[in-house]
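Some structures are shown below for you to check.
What follows is subunit A paired twice: with subunit B in the first complex and subunit C in the second.
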Partner chain A sequence: MLTYCLRRLAFSVPVLIFISFAIFLLMDMAPNDPTANLPMSIPAETRAQLREALGMGDPLVARYLLWCKQFFIHEPLNWLTDLTGLSFGDPDRLRVLSWASRAPVVELIAERLPQTLWVVGLSYLLGILIALPVGIYSAYRQHGWFDHLGSFISMIGYSVPSFFLGVVVIVIFAVKLNWFPSVYDTTLTVTGWDSLMDQLRQMIMPVTILALYNAAQISRFMRASMLENLHHDYVRTARAKGASEPRVVLAHVARNSLLPVVTVIALGVPQVLAGAIITEQIFKINGIGELLISSIQSGDLPVVQTLTFLFAVLIVLFNLLADIAYGLLDPRISYD
Partner chain B sequence: MPAAFKHITLATLSVTALASAAHAERGSQGDLSLIYWQAPTLLNPYLASGPKDSEPASLVLEPLARHDETGKMVPWLAQSIPTLENGGIAPDLQSITWILKPGITWSDGSDFTADDVVFTANYCMEAESGCQMTAKFTDVVGVQALDPLTVKISFSKPKPYPYAPFVGLEVPVLQAAQFADCMGANALNCSAQNLAPIGTGPYQISDFKPGDVVTYDINPNYRDADKPGFAKVTIKGGGDASGAARAVLETSEFDYAWNLQLDPQVLGQMKTAGNGQVVSSFGTAVERLQVNLTNSAADLGDARSTRNGGAHPFLADPRVTKALSLAIDRSTLIDIAYGDAGRPTCDVLAAPAIYASGANDACLTQDLDAARALLDEAGWTDSDGDGIRDKDGVSMTMLYQTSVNPVRQTTQDLLKAWWAEIGVATELRAIAPAVFFGGDQSSPDTYQKFYADLEMFTNFFPGNDPEPYLNNWACASIPTPENGWSGMNVPRYCDPDYDTLLAKLGNTVDIAERIAISKQLNDMLMQAGALIPLVHRGEVSAHANSLEGVRMNVWDSELWNIADWTRAK
Partner chain C sequence: MTDLSVLSAPPKGFWWRFLRHKGAVFGGGLLVLILLAVLIGPFLWPHEAGQINVTARNLGPSLLHPMGTDHLGRDLFAAVLQGGRVTILVGVVAMALSVLIGATVGILAGMIRWLDAPLMRLTDLFLALPVLPLLLVTIMLWRDSLRSQFGAEAGIFLLIVAMIALTSWMQTARILRAEVLALKKREFVTAATALGLRPWGLIRRHILPNVMGVIIVSATLGLANAIITESALSFLGLGFPPDHPTWGRLLFDGTEYLTLTPARAIWPGLMITLTILCANYLGDGLRDALDPRGSIGHK
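This part shows the complex of A and B:
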């Protein structure tokens, strides 16, 4: 198992390096100008000077290698320094800086991570917790009223876009009823009962909307997978042996049906960290998704490059985790 | 604890915390929250990317003089505005001398001196610094501190209007001590300094998350012991304009929302909730059509959209552009697309009011018949019966491009319909702003390459001197392949008389004469049909009814007088 993991990790290094270069190339080819958003009163010479100062005039390979050096060498060293308090190498080494804010990209991401994890992460967990029982019961009582209701709600979750649903709930619960705030306050720190309630109040609308979407997706997978398994011979065997219905459904069918669903769930996690761009925008959560979209709009290449690369890392990592989970759920699969 | 001792402790505490307990006014108004939906990312205006950054910075960093809401200059860190009369401007117009207010300190307690001003000028003028305000220091040859409170700025040539450096929100004074290590190429890497500059303003930055939120508390060393009124200020970013308007006008979560260019119906409906009011202010911004006076036909190759490629087959005739202008119903356009944020205009130099010509106001009323008559007179008739006018085998079909923006696309649709009524066909194009306004040499879609017949965007000039703005239409400012498509003379207008008059403006000091020449230059542009002005655009913001003291200001930071803002009891 361990050798398998190490081998997979070693394989992913060249893959990730190739991905990082591919991202860099794509960004470079896209028509893009970080000075395009400046006021028109700023003359062309100043813009040219600024592009020069940002290093845009250097050859592609030089810029790529600089990014690699900053990201793969300087950033981990800085992290080690912060972690241990010891100093490693030159303390003034250059980090990956955002063009728009001139701040280290890693710090920007660290600032955005808490709200993304709180809102998007929680909604994913909640979505899974709702989806699994719903999927299992809908399949078990296929064509029953619960199945129809579940299908109806997941169709809504699937098909009504969050930019519509988000505005609808804001208009109802923030504007008309005044129950919840329409703007997410990232400066709120939970220190006691009151601030915890404030945190819950500002999270409830975005979390509900995202959880609905996630639950809709996962419950459909779970239901389909259950339906497939319910008619297998081993289910009849279990029943014939006199196992109780809950045991048949939960211990036998559900466990086997989870296999494909685990892949779906594991591969969905990187998307959680990538943030929910539209929902974050609507509720002004300013998480990772908002950082990505605003950086794309302002042509802030270092941020886009770093974020996209981190997403690639996560996807590779969670693919591996999904494979390991397979082995744990299904004893027939062995990696040794 | 003995009562006397307790009293002393409290007194010491209050002395260290605030100026003194006697000034009960400072910080007595509670918290203030503002929403800037385009989130601030950087609080150093010299590197910032526009008002979304420089306005939040204006709570901290201050210039020598500001503009008030009427556009008048008011001394800020300087004692008075230097003029020829008070001797602040040298008789040869080659230098200006500012006297600073005495006793001003930075928020860290150190003294604000002329050396800070000198440092800031050198900081921006240094090559490689990436400073975006270099245009404000054009022709500056030296900035000297004559004594700790006197700064002399010298120019390489006589400057009739020497108020560019250190006037307005984009060019405040930085603290020399803080930015000492940020000269030249280091400027862009000074993260800590650029994200939290030390200033002389009413507030200091307590926390800044780039692209998300800035929080401020009171500058304990602020010069006015009674101000500012609000103890804490939060500027939240993110979302969009309608969400920001909703947070002030409907849910009352915020006290102030900035830059609300929204569908007039949407904003009007939000106003009916009765929680806040919409304020607008008109500066120099004019949404205009740029007319390509040269031929943009693709088969011209490198000569496309250059003067070498020859004149435009029909737009070079001022009668045609006049007809196009007359066919537009500007009032309807504003009702549908701009609301409070627009006024009709027929001048590209529409403000300040003293500079507005008004000689071209005939275009304010739509007159389709007059437009048709003008086209007939110019020889353009529908000879082949396809509904589109033509002459000598050339059909009046135009490509009309602009950036992606809902208001601009509405405008395109309306104009296309009106021009169809006078027999002119229009093909519409919308280009992503980062490409359209970008300087990518390889892209054929930039506004400067102008591979189209008409294009639309807004331009403006900061402050209240139009000379640099009028310079945009000099022959030398035409974008060409030779100069890398730089220059703002997008219509490719070139008239030696215009250039001569422009040179005269550069040597004229008398304000009345400067106004007269500026109007004349505006009229020349309008009569040549180089530009078709559409809408004089204002800035729109909203604030809660309980917020008092807002003096909406388009000439400077909207938050210029935030120290005076209070909460209605």
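This part shows the complex of A and C:
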């Protein structure tokens, strides 16, 4: 098992290096000018100097290696310094800086991450909590009314794009009924009961929409996995020895059916985070998705590059976790 | 339509099982209806998309304007019909390209042993790409140069179609590789090889007809995926320009006027949803009809 984990980990390193280089190349080849958004009155020589100062004159490989050094060596060291209070190496090392705000990219992301994690995390948790019972019961009473209703709703949740559902929910609950605010107030800090209620009220709509989508996907997998297990011999054995029906379904079938679903849940995490890009745009939440879109629009390549690479890291990481979790949970699988 | 005998038809017949799946029949029918409407509709409908009529601003639904009008008095129904053409064209072309790449990679990986490992590693690599951020970045960076090369509409069309196809072929490739590997173990393939059929002939005569069903299912689900991606890009303001609005762009423009005329956002969104729902139901039904064990979780 350990050798398998190490081998998988070793394989993900070249994947990440390749992806980071591909992202770097993609941005580098593009006809993009970071000085294009500056005032027209700046003369051409000054623009050239600005580009030079941003390091755009250096050869491609040098710039890529510099970015790697900043991203993989300097930023983790800074992080370690902040965490432990000790200083490692030269405190004035170069950092990955945003072109637009001149602030370190890592700090920008750290500032935005909590909002995204709150909304996405809560909705994923809620989605799983809805999906598992729905999937189990739908499969247990296959072709029953609950199964048909559940399948229909999950098909809808799966097919209705979040950007449309978000708009519909805003029209109904924010514009017509005026129950919830349509714009997420990001300056709100929870200090007491009232502000906590405000925070909950503004989180209800985005969280519900994301949760519905997650629940739709996971419940489809849970149902399919339950259906495959329900007709195995061990289920008949459990019934024959007199185990109660809830015990047969929950302790025997559901437990075994959860195995593939756990991997689906792990594999879904990066997708859900990427989906937040759209949700954040609808409700104007200032999370990392909003940061990505605004950086794209202002041509702030370091931020865009770092965020895109972070998404790739998340995908590779959760793929790895899913594989390892499957091996740990299912004793029938041996990787050695 | 494909000849029925070539769809790897298990007992009781493909059509019998497909017609029993009511959602799929309904979805398929509605999808054809939507296709016809956007193809023929703009010729029959009296109002032209984008025609300004200041005396008829912000109207509600009526017989003359079934979906109402916008702040410049433009008929929304005409805009939706016209926008549907672009949306569905993007969906169909991107899906066809994606299936073509996926099928080529999958069949090559399944047929040629020394290509298998590198092609599958390549597929894994593409599966690890963060698709949405990458799409957004590419469009932001390349939009202007392609626009000056091919013109406003064609440039963005080529870019979006190519990017959607390049980031969505992996599932098709994986499924087809598994299918081809399973087929290669069957006796009739061994017999054909023993009789001296060349690899290319084997693919054309025996492999392709047998995986056609899988390809069709992939294509149906790929259509839904391509439409949803294009709409999401347009919704984020990085898709088609406002003078050639797709459904996603109409929805995006409509969100500015949610308090005044919510219908401007609802109708295009409803059309996107309906098309995706139909394609997904059709894909599900086709898959169930082709695979009698009928399970959703299989990949």
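By definition in this document, the second predicted complex is superposed on the first by the 296 of 336 C-alpha atoms of A that agree within 3 Å, B and C clash if a C-alpha of one lies under 4 Å from a C-alpha of the other, contacts with A are read in each partner's own complex, and residues count from 1 in each chain.
Operating definition for what follows: a residue touches a chain if its C-beta (ideal position, glycine included) is under 8 Å from a C-beta of that chain, and two chains touch if they have at least 3 such contacts.
On a predicted model such as this, the values are computed, not experimentally measured, just so you know.
Engineer: With both complexes overlaid on chain A, does A:Glu228 touch subunit B (first), subunit C (second), both or neither?
Structural biologist: After superposing on A, A:Glu228 lies in contact with subunit C but is clear of subunit B.
Engineer: Considering only touches as defined above, state whether A:Ile19 meets subunit B (first), subunit C (second), both or neither.
Structural biologist: A:Ile19: touches subunit C, not subunit B.
Engineer: Is A:Leu50 touching anything from subunit B or subunit C once the two structures are fitted on A? First, second, both or neither.
Structural biologist: So A:Leu50 only meets subunit B here.
Engineer: Check the residue A:Ile42 against both partner chains and state whether it touches subunit B (first), subunit C (second), both, or neither.
Structural biologist: first
Engineer: May I ask you to decide whether A:Ile278 touches subunit B, subunit C, both, or neither, giving the answer as first, second, both or neither?
Structural biologist: After superposing on A, A:Ile278 lies in contact with subunit C but is clear of subunit B.
Engineer: Thinking of the overlay built on chain A, is A:Asn78 touched by subunit B (first), by subunit C (second), by both, or by neither?
Structural biologist: neither
Engineer: In the superposed arrangement, does A:Gln297 touch subunit B (first), subunit C (second), both or neither?
Structural biologist: In the superposed model, A:Gln297 contacts both subunit B and subunit C.
Engineer: Contact-wise, after the overlay, does A:Ser219 reach subunit B, subunit C, both or neither (first, second, both, neither)?
Structural biologist: neither
Engineer: Which partner does A:Gln202 reach: the first (subunit B), the second (subunit C), both, or neither?
Structural biologist: So A:Gln202 meets neither subunit B nor subunit C here.
Engineer: Identify the overlap between the subunit B-contacting and the subunit C-contacting residues of subunit A.
Structural biologist: 31-32, 170, 175, 182, 281-282, 297, 299
Engineer: Contact residues on subunit B for subunit A in the complex?
Structural biologist: Residues of subunit B touching subunit A: 35, 39, 41-42, 47, 49-51, 127-132, 134-135, 185, 187-191, 194-195, 207, 209-213, 215, 234, 236-240, 243, 246-247, 250-251, 253-254, 273, 433-440, 442-443, 445, 457-462, 468, 484, 486-488.
Engineer: Hey, which residues of subunit A end up touching subunit B in the complex?
Structural biologist: Its residues touching subunit B are 31-33, 35-54, 94, 97-98, 100-104, 108, 111-112, 170, 174-175, 178, 181-183, 185-187, 281-286, 290-291, 294, 297-299.
Engineer: Looking at the complex, which residues from subunit A come into contact with subunit C?
Structural biologist: Residue list for subunit A touching subunit C: 15, 18-19, 22-23, 26-27, 30-32, 155-156, 158-161, 163-164, 167-168, 170-171, 175, 182, 220-221, 223-225, 227-228, 260, 270, 274-275, 277-278, 281-282, 292-293, 296-297, 299, 304, 307-308, 311-312, 314-316, 319.
Engineer: If you look only at subunit C, which of its residues touch subunit A in the complex?
Structural biologist: Interface residues on subunit C, with respect to subunit A: 23, 124-125, 127-134, 136-138, 140-142, 144-145, 224, 228, 231-232, 235-238, 248, 251, 254-255, 258-259, 262, 265-266, 269-270, 272-273, 276-277, 280-281, 284, 295-298.
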